[in-house]
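Heads up, the next two complexes both have chain A, just with different partners, chain B and then chain C.
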Partner chain A sequence: MSATRRLRLLLVPAGLFVLAIYAWPTLLLLRNAFNEVGPTGALVAAWSLKTAADTFADGFTFELTWNSIWLSLVATAIALALAYPLSLFLFRTTSRWRGVLAVIAILPMLISGVVRVFGWLAILGDRGLVNGLLQWLGLISAPLKLVFNWTGVTIGLAESIMPYMILALLAGFGQLDRTLEEASRSLGASPFRTFLRVTLPLSLPAIVLAAGLGFVLSMSAYITPKLLGGGRVFVLATEIFEQATTNTNWPAAAVLALYTLVLLLVLLAFSNLLARRLRR
Partner chain B sequence: MPTRRLILKTGLATIAMPAVLRAQGLSGQITLQSYSGIFQDNYTKAVIEPFIAANPGVKVNFVPGGTSAQMVGTIRAQKADPQIDVSIMDVTTSSIGNLEGLFEKLTPAEFPVLDELLPEARKAGGEFGPAVTFDHLVLVYDAALTPPLAKLADLWRPDLKGQIALSAPPNIQGLALTAMVEKMEGGDYRKSIDAAMKKLRELAPSVNTFEPNPDGYSLILNGVVKVATGWNARSQLYGDQSNGKIRTLLPPEGSVFQINTINLSAGSKNRAAAAAFVRHALSQPAQKAFTERMFYAPTNAKAQIDAKAVARTAAAPESRSTMIPLDWNDILKVRDQWNNRWRREVIAAAR
Partner chain C sequence: MNGAGPVLSGIAALVYALILAPIVVVFTLAFSADNFILFPPSGYSLRWFQALAGNAPLLSALGLSVQVASVVTLCSLLVGVPAALALAKGEFRGKDALTGFFLAPLLLPTLITGLALLLFFTPLRLTATLPGLVLGHMTVTVPFVIRMMATALANLPHDIEAAAATLGATPWRVVRRVTLPLAAPGLIACACLSFLLSFDETVISLFIAGPRASTLPVEMVRYVEGRTDPLIAALSVVLIIATLIVVVAVERLVGVARAVGR
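Then we have the complex of A and B:
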């Protein structure tokens, strides 16, 4: 057996695992997408495109798509703005506390999403930390509406994806060559100009990687929009859940799930293409 | 070496075994699926434990099933190999299970207790599992609210701006509220819900959340909102448990019954014990015990319920007289349409 073949054998366990937990359920999902529901919600086994046609004929599906994309873009942008300087600091620092700081940065990943969301409710609620502080300082007379709307969902989502983006940025900073920055400084460029002309371009592949990951995670996020949205925030993930578990409309849920999957695959392919071009 | 006589004896013993076991009483285990939390706690005490005491050979596993729609989804997924024997869920979803062949039809010959039930309890399930509890939609409010809530129309009070938690459709509370508001506005939900939509649109800016999590009662108890929609039985119990911190109002403008049916899974692995449990759950003692413990109205007409408990249920004469005759099968047909109108006309006005 050649070395390449032996190497490929390493893929077998993970391949089988993915086949069992991902490919098979996706096929079942595909089968379900062809079923229909009767007028009172009963599932009707069929090989029909009616559910898909109804779903895409409904303008609400595109409203959901836009909501999901917009929310993901904004949350990713906020998370990136916070994660990038933090990651750069963690990458550069020589402090003996570097390890501890890195763990603190990704600590939210270790806490359940539901617990984190309830934490945000305590912080952003009408009687929460932020409103309490602003009222105590006399800056506002009535509480600001920070939860059960898009604002709350965007803040919660940005926080939840940030640790993943920090990890992606740290992994992608490999191309950041300190000597190039030193060369720029020695040629008279200011620190800001060095950052703009050297550091930032070199870290673009890492940014694209992290942004792609953050975007995908935001698009598929369910808990944050569900619990912080107060029933006002409609995105693809919440609609899939609603169709499956409240309306018992599994075919509609399957169609929407497959649609989201295709959407994410296209976006991921685009992100990978961009990252590859930037690396050249 | 086995003789012909030994083989014959063994064969006869095998054939006779089920009858012998039946004569000795029920055995094995059954799985009951229903709501978690206070429903599970109280149902276990009032109904399951007495059943086990009467049938010591049977073990009853209570599986919290989430919402009714999640429960029917679980049974649907297990159709080829049912793991759930009995389910208690909302009639809007059990009717889906009935249509899909997930549940068995029940006959008075095998379930004589069916003849003791109220006609509307039998009608709820048709030939399938009948109603096991009745409840109705109420307004739940903070006892400290002044002036206290007196009617449905009070939801539009200016002092309640930002203090209301409503469960919007497709949650059945939202569907029931739509019919109630339509009636309050002089309309009839069977003809149109335009008046309800107009009125609810005016209410939208006052709504804190259209999706109370974990529920409206908790949001009031935690001071997040002052008023929420809720179910009578739970709000009565939460009122008692919180020493009167929350109060329950049956709106004088009218309310809507919520019906839970009890359903025997088709292909139950321990059908005899499951059927016995269904008979027990519908029996007079079980209905009395559960009503007096959790204020769900009984469906067994012969159950002798304490008058004080009855007064706090949907079975109280004053409650029954204000109920809007709502056919949940009709609502299922318009659910998507109502849901879309809520999203586009009501929730959109609250953004």
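Then we have the complex of A and C:
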């Protein structure tokens, strides 16, 4: 047996694992989208489009779609507005603390999502940091409703996707040619004008890719909408989980999951295409 | 034009404050003496740490999580490292396609993977069992191990292995006596990160964990859904400190090992 042949044998356990525990369940998910649920709630094996037809005939599906897209757009925009200057700072700083600062920037990635959500409950809750501060300053008399609604979910989601966007932006900034900025400055442009006319256009592909990533992560996030939404925020992700577990309506969950996946793929294709166009 | 400039640094400082705010608040709240989430707390105490030590469901969930993460780490390395070795050292047709296939599970959101695993495991009675949770977590950790170790192994100095082979070592002996010892720091770091990935995995666990077998993140989600008191903050402090110790230990270990290797 040749060395290459033997080397290839090493791939077998991982190959079998991915086939059995990933590829096969994913095919099962696809198959389940064609099943039906009988009037008693029992699962009926079938090859029909009835579940899909029912799902898309339901106005709630479009409300969920709109909710998911709108929430993801706003969260991504907020996260980008914060992640961009931070990434640019990390890219430019010559501080010897740069390594530590970079780790702190992506720290939330290393901390459990449930812990971060709990932190936001303490900051935004009725008796939390923000309401306490505003009442102490006498700006409000009754606490503002900042959690268990869209506001809380948007803030929590923006924070949770930021580390990933920072990494994407930093990777993109690697292609920024500093000599162009220096040329602009030496030709008399102000720092702000240099940023607007040179830095920003040059980093546009990185921005598009980071925004695409943030959007995809927001659309598929479950913990943040569930816990910070307090059962009042309905998005595709929460509905998929609800249908699969509480309602045990697997065909409906499968249809919604595949539908979400198609939305994400379309968006990813679009953002990759846009980034490639911009890079030219 | 060097450095970041005062305007950019100022904005960055504000963003850092936002990033650190939830963590700082959780640390403060863990030492609260109040019955509910009140910030700033009206008094400080260790009562929530004492409550944590007496909370049986959370402690048993912690035990299960440690158990699952240990088995997941061991199995992921056993399955993933050989594949990474083949991908890093082998020259064969379809290698790129194969790499894509192995890393595919990282592309789908865990929400979709979790649902697919629920549909697959339920008829097999694997939901809410240790093997079920382990296999579920491995859909995340195996591709992660393959990606990390394939890069690490490909970056190893080629000439030492070549020298060993020239001196008559069999390929298996080269792997055992040269490649793996050289890759040891990377392996240790990879094992620690796999452990953390499994320990923190929430969404897949929520799909396949039942009331009989819930991991710590699942139990924490249930707790936060039900009530809001500082108990979870105390637990969070313990978890964050444990995570930091692991991260620093890896950094030290890998750093020291690399220094010795040079």
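A few comments on the model shown:
Just so it is clear, the second predicted complex is superposed on the first by the 257 of 280 C-alpha atoms of A that agree within 3 Å, B and C clash if a C-alpha of one lies under 4 Å from a C-alpha of the other, contacts with A are read in each partner's own complex, and residues count from 1 in each chain.
Keep this in mind: a contact is a pair of C-beta atoms (placed from the backbone, for glycine too) under 8 Å apart; a residue touches a chain by one contact, two chains touch by 3 or more.
Just so we're clear, the structure is a prediction, and the values are computed from it rather than from any experiment.
On the superposed chain A, the two partners chain B and chain C do not both fit; they clash. In the superposition on chain A, contact of A:Ala42 is made with chain B only, not with chain C. By the touch criterion stated above, A:Leu10 is placed in contact with chain C alone, chain B being left untouched. Of the two partner chains placed by the overlay, only chain B lies in contact with A:Phe148; chain C stays clear of it. In the superposition on chain A, A:Phe34 contacts neither chain B nor chain C. In the superposition on chain A, A:Thr246 makes contact with chain B only, not with chain C.
Touch criterion met: A:Arg127 reaches chain B and chain C at once.
The partner that reaches more residues of chain A, of the two candidates chain B and chain C, is C. In the superposition on chain A, A:Phe234 makes contact with chain B only, not with chain C.
Only one of the chain C stretches 148-156, 166-174 or 220-228 carries C-alpha atoms that clash with chain B in the superposed arrangement, namely 220-228. The contact surfaces that chain B and chain C form on chain A in the two complexes overlap at residues 125, 127, 226-227, 244-245, 250.
Residue ranges on chain A touching chain C, taken from their complex, read 3-4, 6-8, 10-11, 13-15, 17-18, 21-26, 28-29, 32, 82-83, 85-86, 88-90, 92-95, 101, 104-105, 107-108, 110-123, 125, 127-129, 132, 159, 162, 178, 181-182, 185, 191, 216-217, 220, 222-223, 226-227, 237, 240-241, 244-245, 250, 253-254, 257, 260-261, 264.
Residues 38-43, 60, 125-127, 145, 148-150, 226-227, 229-232, 234, 242, 244-248, 250 of chain A touch chain B in their complex. The touching residues of chain B, counted against chain A in their complex, run 66-67, 69-70, 72-73, 76, 92-93, 95-96, 99-100, 162, 168, 170-171, 208-211, 213, 223-224, 329, 332-333, 335-336, 340, 343, 347, 350-351. Considering their complex, residues 1-5, 7-9, 11-12, 15-16, 18-23, 25-26, 29, 36-40, 78-80, 82-83, 85-87, 89-92, 98, 101-102, 104-105, 108-113, 115-120, 135-136, 138-139, 142-143, 146, 171, 196, 200, 202-203, 206-207, 217, 220-221, 224-225, 228, 232-233, 236, 239-240, 243, 247 of chain C touch chain A.
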